[in-house]
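Paired with chain B in one complex and with chain C in the other, chain A is shared by the two complexes that follow.
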Partner chain A sequence: MNAVARSTRLPAIVDFYITVMRVAVQEQFQYRAANYAYMIGMIAEPVIYLVVWSTVANAQGGEVGGYSAAELAAYYIVWTLVRNINIVFTPNGWEWRIREGDLSGMLLRPVHPIHYDLAYFAGWKVVVVVMWLPLAAVLAAVFRPDLTVTGVEVMVFSVSLLGAYLIRSMFLWVLGMITFWTTRVTALYELYFTAELLLSGRLVPLNLMPPWAQTLADFLPYRWTFGFPIEALVADLPTSDLLSGLAMQAAWTVAGAALVAVVWRAGIKRYSAVGN
Partner chain B sequence: MSERGRDIVVAGLTKTFIVPEREAGLRAATRSLWHRKNRAVRAVEDVSFDIEPGEVVGFLGPNGAGKTTTLKMLSGLLFPTSGRVSVLGHVPSRREKAFLSRITLVMGNRNQLQWDLPAVDSFEMNRAIYRIPQRDFERARDELVDLLEIGDLVRKPVRNLSLGERMKAEIAGAVLHSPRILFLDEPTIGLDIGMQKRIRTFIADYNRRSGATVLLTSHYMADVQALCKRVIVIHHGSILFDGQLSSLSERFATHKTIEVTFQDPSADLAVYGEVIARDADKARIRVPRAETSRVAARLLSDLPVVDLTIEDLPIEDVIEQAFAGGD
Partner chain C sequence: MAEPSPRRPEPLRSLSLAWTFLRIGAMTELQYRVNFFIQIFQTIIMVGTALAVLALVFSHTEELDGWSSPELLAVVGIHVLMGGIIRTLIQPNMIRLIEEVREGKLDYALTKPEDAQLLVSVRDIRIWQFVDVPVGATILGIALTQLDRQIGAGSAIAFGVALLLGATMIYCFWMILTIGAFWIVRMEFIVELFEGVYQAGRWPVTIYPGWLRASLTFLVPIGFAITVPAEAVTARLNEVTLLGAAIFAVLLFGFTRVLWRVGLKRYSGASA
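And then the complex of A and B:
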């Protein structure tokens, strides 16, 4: 579709998203080697978890917490896709953006900066998902996952990826905006990261965690950005659980968007546009 | 809709920053953990001015005078501490889309194009951001590329352009959406003379063709003289002068220069004023402004004068005197 047709037929915000996504794809194509190195580094994390838990499963007669070694392989291979999708603009980026005054350029545009971040990182995902495919094939060949999926699961998984992306974007934006008050937010991000590691299904499937941790996870946004999308595909959840999971994602997205609006309104008044 | 027919109305504008401060050294750093000291720095204080549609106004002042802070408040980047601002009838700090779509802010030492991509890709993004109809976008883009002579440059990654080339591409990107108001903060900083002139010509041309209002800061007086009939001089956050550039000398220049050509190499010129330069038959004499006519008359009557010219001080010197007087 050419640009003329797009700008006359599509709502302006959709045109903006498509254009920024295209810019992101073009930029990321310039850094193919760096992206691959980054992805290989990123894949090291779940492979370590997978090796550890597979070893535990094999030591316990082939199963741990209801997961066989092959099911754990499926969990962590899907993990790599979910992780690629839920990478968003981080609070570290916010620190840089505010300290260097880069936010100024974004504030001059008649589009809320969150749209740019959402669009840009969505575009980046087009590149990383394409690059992820061969790596996933290698992981599957090495670890032999047990994964049978239904059409409903695939549909819910696909929607849940969007939910995971939006929730993580909103909450890390809120965390990043604390920079308006504190200049540095890395320590808070570390805290967020630690809680996410334990309570999202990132380090370990949530049903291998103690019951109190699983209950706690129900009241926090983390599991909806990691555990739920993975389980939607690999855990044979009943349809009611799949749909209620999507509803929870929608609720956390709305809550995150509301928080973004409130914190943005207060924070932007404190912006001092340093660094020119 | 502009306010009272004016594009920009500023009344009692003040901006105060709270800045943490401490002495140097580890001990002071440790003490600051418990006793944090802040200081209120008033960057802009009670500034008021109006700008008519289509005016090109120079906003002058030394580093730290409050020029950039004022521009940032006018363009909606900063919330004023107090006072009132109206730009095209909008309160800039509300950052309404209708306002942001009609202004642009170009900062000479800040890059707003996508660093890794050719400028044409950033232009395309601006098309989507400002919702420019495709045909208008293509016409504006092609026209700007021609006017700024950047046809060969816009297809190279921005990171590979020289500072001057990048600035031309920046300006093209900044005016693609045909803004009604241009805030230009040091648009020619660091550029060679030829490139400065090219940018100045473009700004003058844009103002003439579109009737846009321009508020420009620059440390290069050539920019100001070429573009601005009116200047606002700001120092220590307050306005020192707001008027015609031609009146600036009358207000701040304490001296004038008399250049005299004569046929008496032995004449003692020191009695007429401060001799700045002297050749065998020519001299430049700096005299107090109020005494210029009297000294000129004396020179004409005392010496065999061939030619005599009275000149205002260069604008740089006048500005320097204005800042010195404001300290």
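And then the complex of A and C:
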């Protein structure tokens, strides 16, 4: 246990992150075509929402839920960046990790495996964001968003991306670790992702949801990974809302980290790899 | 292998071959009955989400680009139904083909004395996914009841023809994507790409801006596959559109055939 304690001291862990991120950049940059095709497929989703809700806004005299068509365009274009940042290790990957004994190798390393996932996907983001820029330019040229931002909004938005990334990473990790107990997880994942779709601001700005759904969303982590970062930049939130949003993200990050720690400890006891 | 059976005329042979594979596939899948319940659950979630979104849209507006709530429900029904056909018959074959091209296992299909494109298109089936077909049909039925409109024999036939043409075009589109595997190695994203774009069909393609509507009609034939059948049951379809769909289906099928031949030339097998 001493080795573990020593290696998680700051400089070593920073070095670990930088190295893994660098590997991720180099690895993913080789698969430019695949990464691009994936992104284009992903962009279909917000474009559909955008067209549907713009049609509604135009039919209602130019506005729905306080959003004009041009503001909806801004919402869903920022959405594409937030969504890319939000892509983390999939819970489905855990089945493979456990079945193939891939996890055994990770256990031999002196750092908690979540650091590897956090670092690898963070590195991948560098490639993704570079590739996203031209796509965003095309979307902006086509849908003409109305976006005016202040310095504070940009700062809060940038920090909130980190928060969104951490929260979604942690919660999907916890969800994936359920595989330690049972492999019949497909249904559970679908429920989780459907709730996320409806209650995060991914489908539609939460303002457009019925009041009871908005209340429900307040008690769940989802909105801090989609709606909040987008609204931080797009909606004109007062500074107090921006700051309390960041505080909520911090709270959910801590809660996620605690859950990861607890579930990991219980789950790893149940793990036995092939050959053991 | 007993006596070689006398060769039957071409179309009949294709059909009986497809039927044989269908039966084998069904028997294989019937062993995994729990999957049926998982599929039911997934269908419930999918349909529930679609209905929730529809309710949300119509809580903010009376009609969407001229389509009323029950009319859009009909579109959802056809979308679910067509999705079931795709995931039962088309998608599993395409995913298998991509894998076999990458791993060099396509040799086994190519050496058989049958048309290779036919063979790779009928080998696999996921029967539990077929649940979506009756579910979609039920949603469509409910929508038509709400519309309270008599569907004449003409409309019903037009609907059936449009659906068949649409499924053919979706097959061609999937096949064209899959043929890309002869050139590109990493193709796992293709399923997500298709499903992402397929979601666009949950709405009539007429709501999309011109360039996108054109792409969703001719590039990705979702407009033909879902909107046109929906137009047939909501008294929007004219004969010209249906004729256009038929001509386009034939052209697309021919193009797919040519592209398949070109792609095959790139294939070098595992041991070559």
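What we mean here is this: the second predicted complex is superposed on the first by the 263 of 276 C-alpha atoms of A that agree within 3 Å, B and C clash if a C-alpha of one lies under 4 Å from a C-alpha of the other, contacts with A are read in each partner's own complex, and residues count from 1 in each chain.
As a convention for this text, a residue touches a chain if its C-beta (ideal position, glycine included) is under 8 Å from a C-beta of that chain, and two chains touch if they have at least 3 such contacts.
On a predicted model such as this, the values are computed, not experimentally measured, just so you know.
With chain A as the common reference, chain B sits beside chain C without any clash. For the combined arrangement built by superposing the two complexes, chain A sits at the apex of an angle of 90 degrees to chain B and chain C, based on C-alpha centres and given in steps of 10. In the superposed pair of complexes, A:Thr182 makes contact with neither chain B nor chain C. Once chain A of one complex is fitted onto chain A of the other, the partner contacts of A:Thr215 are absent, as it touches neither chain B nor chain C.
Legend: residue contacts after superposition of the two complexes on their common chain; A:Gly65 is shown touching chain C, with no touch to chain B.
By the touch criterion stated above, A:Ser158 is placed in contact with neither chain B nor chain C.
Legend: residue contacts after superposition of the two complexes on their common chain; A:Leu191 is shown touching chain C, with no touch to chain B. When the two structures are aligned on the shared chain, A:Thr239 is found in touch with neither chain B nor chain C. Looking at the shared chain after the overlay, A:Val111 reaches chain B, while chain C stays out of its contact range.
Here's the short version: in the overlay, chain B gets within 5 Å of chain C at its closest Cα pair.
Under the contact criterion defined above, the residues of chain A that touch both chain B in one complex and chain C in the other are 31. Within the complex formed with chain A, the residues of chain B that make contact are 17, 68, 72, 75-79, 93, 95, 97-98, 100-101, 103-105, 107, 109-110, 112, 114, 116-117, 121-122, 124-125, 127-131, 133-135, 157, 185. Chain C meets chain A in the complex at residues 38, 41-42, 45, 48-49, 52-53, 56-57, 59-65, 184, 186-190, 192-197, 199-200, 202-203, 207-209, 212.
Interface residues of chain A facing chain B in the complex, by the touch rule stated above, are 3-4, 7-8, 12, 15-16, 18-20, 23, 26-27, 30-31, 101, 104-105, 107-111, 268-269, 271-273, 276. Residue ranges on chain A touching chain C, taken from their complex, read 31, 33-34, 37-38, 40-45, 47-48, 51-52, 55-56, 59-60, 64-65, 142, 184, 186-187, 190-191, 194, 197-198, 203-204, 208-210.
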